[in-house]
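One structure is given below, represented as structure tokens, and several questions about it will come after.
Which chain is which? They are A, B, C and D, in the order written, and residues in each are numbered from 1.
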Amino acid sequence: MGGYTYSELGAIFAMQGFAGISLFSVLLLMALGLAIIFGQMGVINMAHGEFMAVGAYTTYFISTITENYLPSLMPIYFFIAIAVSFLFAGLLGYLAEFSLIRHLYKRPLDTLLATWGLSLIMQQSFRSFFGAREVSPTLPDWLLGSYQPTEMIDIPINGMFVLGLTIIVTLVVFYLLFKSSWGLKVRATTQNRVMSGAVGINTQKVDRYTFALGCGIAGIAGAAFTTIASTGPTTGSLYIVDTFMVVVFGGAASLFGTIASAFSIAQAQSILEFFISGSMAKVYTLLALIIILMFKPEGLFASKVRR
Amino acid sequence: MNYFYEKVMGGKSGLTGFIILAVVILVAFPLFLDIFRLNLVGKYLTYAFPAVSLVLLWGYGGILSLGQGVFFGLGGYAMAMFLKLEASSPENTAIQSTPGIPDFMDWNQLTELPWFWVPFESFTFTLLAVIIVPAIFAYIIGAAMFKRRVGGVYFAIITQVIAVILTVLIVGQQGYIGGINGITDLRTLHGWDITTDNAKVIFYYICCLLLLSIVIVGRLILTSKFGSLLLAMRDKEDRVRFSGYDVSHFKIFIFCVASIFSAIGGALFTLQVGFMSPSFVGIVPSIEMVIFCAVGGRMSLIGAIYGALLINFGKTAFSETFPQLWLFLMGGLFIAVVMFFPNGLAGIWNTYGHYITDRLKQLKTVFVMKPSPQEAKQDLG
Amino acid sequence: MSANTDFTLAIEELTVSFDGFKAVNDLNLYVDKNELHVVIGPNGAGKTTVLDLICGKTKATSGSIKFLNKELTTMPEHKIVRAGVGRKFQTPSIYENLSVFENLEVSYPYGRSVLGSLLFKRTEKVERKIIKIAQDIMLEDSLDMPAGLLSHGQKQWLEIGMLLIQDPQLLMLDEPVAGMSVKEREQTAELLNKISKGRSVLVIEHDMDFVERIADKVTVLHQGKILAAGDMKKVQNDPKVIEVYLGH
Amino acid sequence: MKLKQHASKRTFMKNAACAVVLGLFTMASSQVTAEVNTTGLAVTDDTVTVGILHSLTGTMAISETGAQEAEKLAIKQINEMGGILGRKIKIIQEDGASDWPTFAEKSRKLLVKDKVAAVFGCWTSASRKAALPVFEKENGLLYYPTFYEGLEQSKNVIYTGQEATQQIIDGLNWVAKEKKAKTFYLIGSDYIWPRTSMKIARKHIENVLGGKVVGEEYKPLGNTQFGSVINKIRLKKPDVIYAAVVGGSNVAWFKQLKAAGITSKKQTLLTISVTEDEVLGIGGENLEGFYSIMKYFQSQDNPNNKAFVKAFKEMWGEDSVIGDVTQAAYLGPWLWKAAVEKAGSFDIDKVVAASEKGDIELTTAPEGYVKLHPNHHLWSKARVGRWNKDGQATVVYTSELIEPDPFPKGYQ
């Protein structure tokens, strides 16, 4: 790396570090919802990406309305959009659980197929409502541009925003799962459905809200992604494999595992991308994941259970 | 012979089903369809190969592979490489800066044939490669996963990731394997023009015969002790293991068989369609193959073939008239099959039979329940 | 103590820990030839874990398990079975989609390799053996029935039959009479007494009357350790056992 | 020779026109149809059938919508002018569904079952490559609208978009001259068109301009993470970023560039993959001040274009935007009309022969003037447009007419 000053290298190092962290927050936000649905409930939700797209389209829709009818709200509409995305995706998740998923709890591989069917229907609905073209909402000005702590370092504001949002969502999920009575019920139901039912937990209700929560978080992820990329009818399917990899690699039932796995995958990929081409970086990252999974089939953070 | 009739063909009812299928694809289609439609059916039938393979692997073995497209692709690419080399004779490629190598290599500044292409100049090697390469690949994946007891959902997701890896790899290495365009413009096989109507009819029949053969092979496997073990492993894997079987070997074997079936389909696809591209390797085609199988009936080898035909007919017909509706219909079909008809077309057929004539139903139940011990007693007596 | 013994099964200093929790702790247990050995103990005593360790389902943290002087702790499950150890699970573990006949056929100890199973032929010898076992387990009239339709007790017997067909030297049964009617229990006790001839049997059971009827020797496990061992009477009168079972 | 042919064409036209008029009354025109259609195409006394084959569903539907709209507009206009050889054009539309074998399948259907006289369609290289053997085998005629990598010249295809050198070389010359650019960073999506384009660009930069390529990068299609690449770009500090990122990735790429503080104030960026269509998704504010090289921009100020944009918006709505490929697709039916009339026949071979004469020209093309080269590609001009916030470009440079050269010497 001849010809570069130390401060330049330092700046690149800092920014590259942030690129990794930014990818980490993206992966984590995507995976959190799935970690709840797949990890806690064991449902393979192939339509998870589409629930993200629901969030993204909701944000786009609200942005269009705000721009046309309430321009004065432009600077803050994004927060409203995030909240509505959460609620709307959550509501759809609730309905999906009620009409589809609950019949399939004992057949995990079949949920995979059914939710794939659901994802096709959702994709076509997006196309019918919003057209085949990719859309992206008009972002408030404060979300654009970058923060410059020094002359040479630019930290993208949207990246920081997504990071902040991810931290908040993660904390809330942790609180809900590990500190609230609802979380206790969820964990109890996950571990022993029959017993939980017997001690008076309404497991059906717990399932429904857990699924809705997972989908709602996917909706938040979708809303956040509009700051980074555009949204099309098939956007969701781009993310689904990566998302599953994060959750599986982390050890399905462990939220800490999900965080660790999102972090390691993000860092590996962004560092590799810096040195080799993007396509090969992806190939190597995925290959490494498979090989590690071969040796730790239960993922990074699976707890030993006495069976 | 009696064994063959009773067990492999499934006695009278099984044989009837097989003969009906044979008549439909060998006689009815060629008789009633023009060459254009017949070629389409031929293409659909190549998708039936992975669908049948999934009946063995998923329906009986309980191993859901979302990566059958990988093997379909490997078989297809092996065949495509051979045909491409033949199409890239120095005379045909005289305008290139390096004549005699496939056009896409020339565009990517390759000046000589990569080493892994060289053996594909031999047709014998290619035919072997269609079978052996996917089998080796499946063996490696299978050994890595099943020895480590990776199964169920995890296996499904990992095979899906493998499909992604292979797609990205093919697309990224366009100088070596043709990139996203795939390997196109395949015209002759040993100098014989494969784009003529005549050739298409011949390939169609080859395709049918091979398909019927793999159905028989599938039945041979299912009616052996291996078949019972497959079901046993699906339902109670630990019990099988603690009955003294090395479960992983059985899974690896059936995974390899399924990969070979899929690969044969892929090779036939290349021959009939005239090209191969990464769009048959990825996630979507792989899941579609599962759908063909699920719609046809995951426990029925013959059902899977009808499933592949029905869905593809539907796709073509609907996409011509209501492209919008098709995805809704397809999605709905998925959900309906999973929720209401877990045994697919084959299951519906059986239920339908139930209602139509009680007699038939009784006969059937008797038939299904009977076979094995009955024989045993007869033999003893 | 010398490394080789006359015991069918010799467990020495066996320990397994799950994330620090020692489910089995420094256990020594011996099963003699032709002995029907029952392990009892309160819930969580580590009984099932011991069986898991013997048959290789769980890997030991330390210690040794010798079966006919062969070390089992390093062997894969199917080899342990092939060496002559059969194990019945707590909940009946049979193939519900296969007929009783097929269940037994699948367990028949030939054609255990991939190729072997493909080429396996249902010979007269195989059929005779299956019918013989079916008679032993009182299922000779249900051979054609899908196993899923059997009663709970019959399923337990079927699973025992699936082990018997392999002629194991050591038969391990995890709660064989759980969920059985009184009559079925009696029949099972008879069955156990019959099949324990010529082989060692290790049984986990809660039902004390039943234990009394069958046991040659009883071992009481508590918190992963042996609390008492000996014949039924001795164990029943052991104050430590009474304390554990009755509590304070 | 030429004159005579011209004259005979005129006479023929007259005859044909008369025949059609007469035909309405006397039904005596079958002879004429037999004359203009000797190979059994779907041509009747008053209609001629053509096919349109684009993706209406799937991922490519986004891009291909504009193209098929433009083709329908051109055909409607031609019909309003009286059709071709007195025959109205009838359209059979098929959906390629973003699936390459479907393109081959539908091509075969159009040619074998429907016997169409010409097909306007395909968008991606992969779909063209899949359909090409069918067109060659069944001797059909395809008008292909997209700017593409070149390295192809089929008897059965007329390429109405630019091949790679037509788009790349003049743009690079311009940026080297105007911006004194010496160092370039190349980035594209990972497939054949960006890779081939970058290959040509690299050769031109290194061998002709005497500049330096400081980085070359390809990202998988659909990729949305550009953080690492952007950092690499920062480290290398190229004078120009030369980009060919496509599809959904494009939006992520430009948004992240802006977020990383790389804007036109600090950095020259030249792209060959952004038209007005893409800007809709990316947003003008993310592109402001960056440059595209195309042969057509919607903002082009000439009477042809004004009329075209007006007609397009009338037919497809006030909100529609028109990109480079849309315009190229619009040329297809007109070029076919000119060739058919020149040949005096719908027979594929005769139409192709007429097209290969090298004198078919359109003075009414929205992009200005185009002429069909014997090598089946168009002579056209390259233009550099600078993007404005409103999603339209200001044309800052227009080249001379550039000869198409699908097999460029020294660039392979």
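Just so it is clear, contacts are C-beta pairs under 8 Å (C-beta built on N, C-alpha and C of every residue); 3 or more make two chains touch, one makes a residue touch a chain.
In this text the structure is predicted, and so the values were computed from the model without any measurement.
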Task: Fewest touching-chain hops separating chain A from chain D - done: 1
TODO: Using the contact definition stated above, find the chains touching both chain A and chain C.
DONE: B
Task: Chain at maximum distance from chain B, centres defined as averaged CA atoms - done: C
- [ ] Round to the nearest whole Å and give the separation of the Cα centres of chain B and chain C.
- [x] 43
Task: CA centroid of chain A to CA centroid of chain B, Å - done: 34
TODO: Quick one: report the Å distance separating chain C from chain D, using the average Cα coordinate of each chain.
DONE: 76
TODO: Let me have the rounded angstrom distance from the C-alpha centre of chain B over to the C-alpha centre of chain D, please.
DONE: 38
Open item on the list: Give me the residue numbers in chain C that touch at least two other chains, ranges are fine.
Closed with: 57
Open item on the list: Counting only residues that touch at least two other chains, what does the list for chain A look like?
Closed with: 127, 277, 279, 282
- [ ] Send over the residues of chain B in touch with two or more other chains.
- [x] 168, 171-172, 324, 327
- [ ] Give every residue of chain D touching chain B within the complex, in rising order.
- [x] 56-57, 94-95, 97, 99-102, 104-105, 108-109, 112-113, 125-126, 129-130, 132-133, 137, 149, 151, 190-192, 195-196, 199, 218, 220-221, 407, 412
Task: Parts of chain B lying in touch with chain A, wherever the complex brings them together - done: 58, 64, 144-145, 148-150, 152-154, 156-158, 160-162, 164-165, 168-169, 171-172, 283-284, 287, 290-291, 294, 324, 327-328, 330-335, 337-339, 342
Open item on the list: Per the contact definition, I'd like the list of chain C residues that touch chain B in the complex.
Closed with: 55, 57, 76-78, 81-82, 86-87, 89, 93-102, 105-107, 109, 111-114, 117-120, 122, 124, 127-128, 130-131, 143-144, 146, 159, 162, 166
Task: chain D-touching residues of chain B, taken from the complex the two chains share - done: 36, 39-40, 43, 95, 97, 103-104, 106-109, 168, 171-172, 174, 179-182, 184-187, 195, 273-275, 277, 279, 316, 319-320, 323-324, 326-327
- [ ] Note which residues of chain A are touching chain D in the complex, please.
- [x] 4, 8, 11-12, 15-16, 18-20, 22-23, 26, 127, 132-136, 138, 144-146, 148, 154, 156-159, 225, 227-230, 232, 234-235, 238, 269-271, 273-274, 277-279, 282
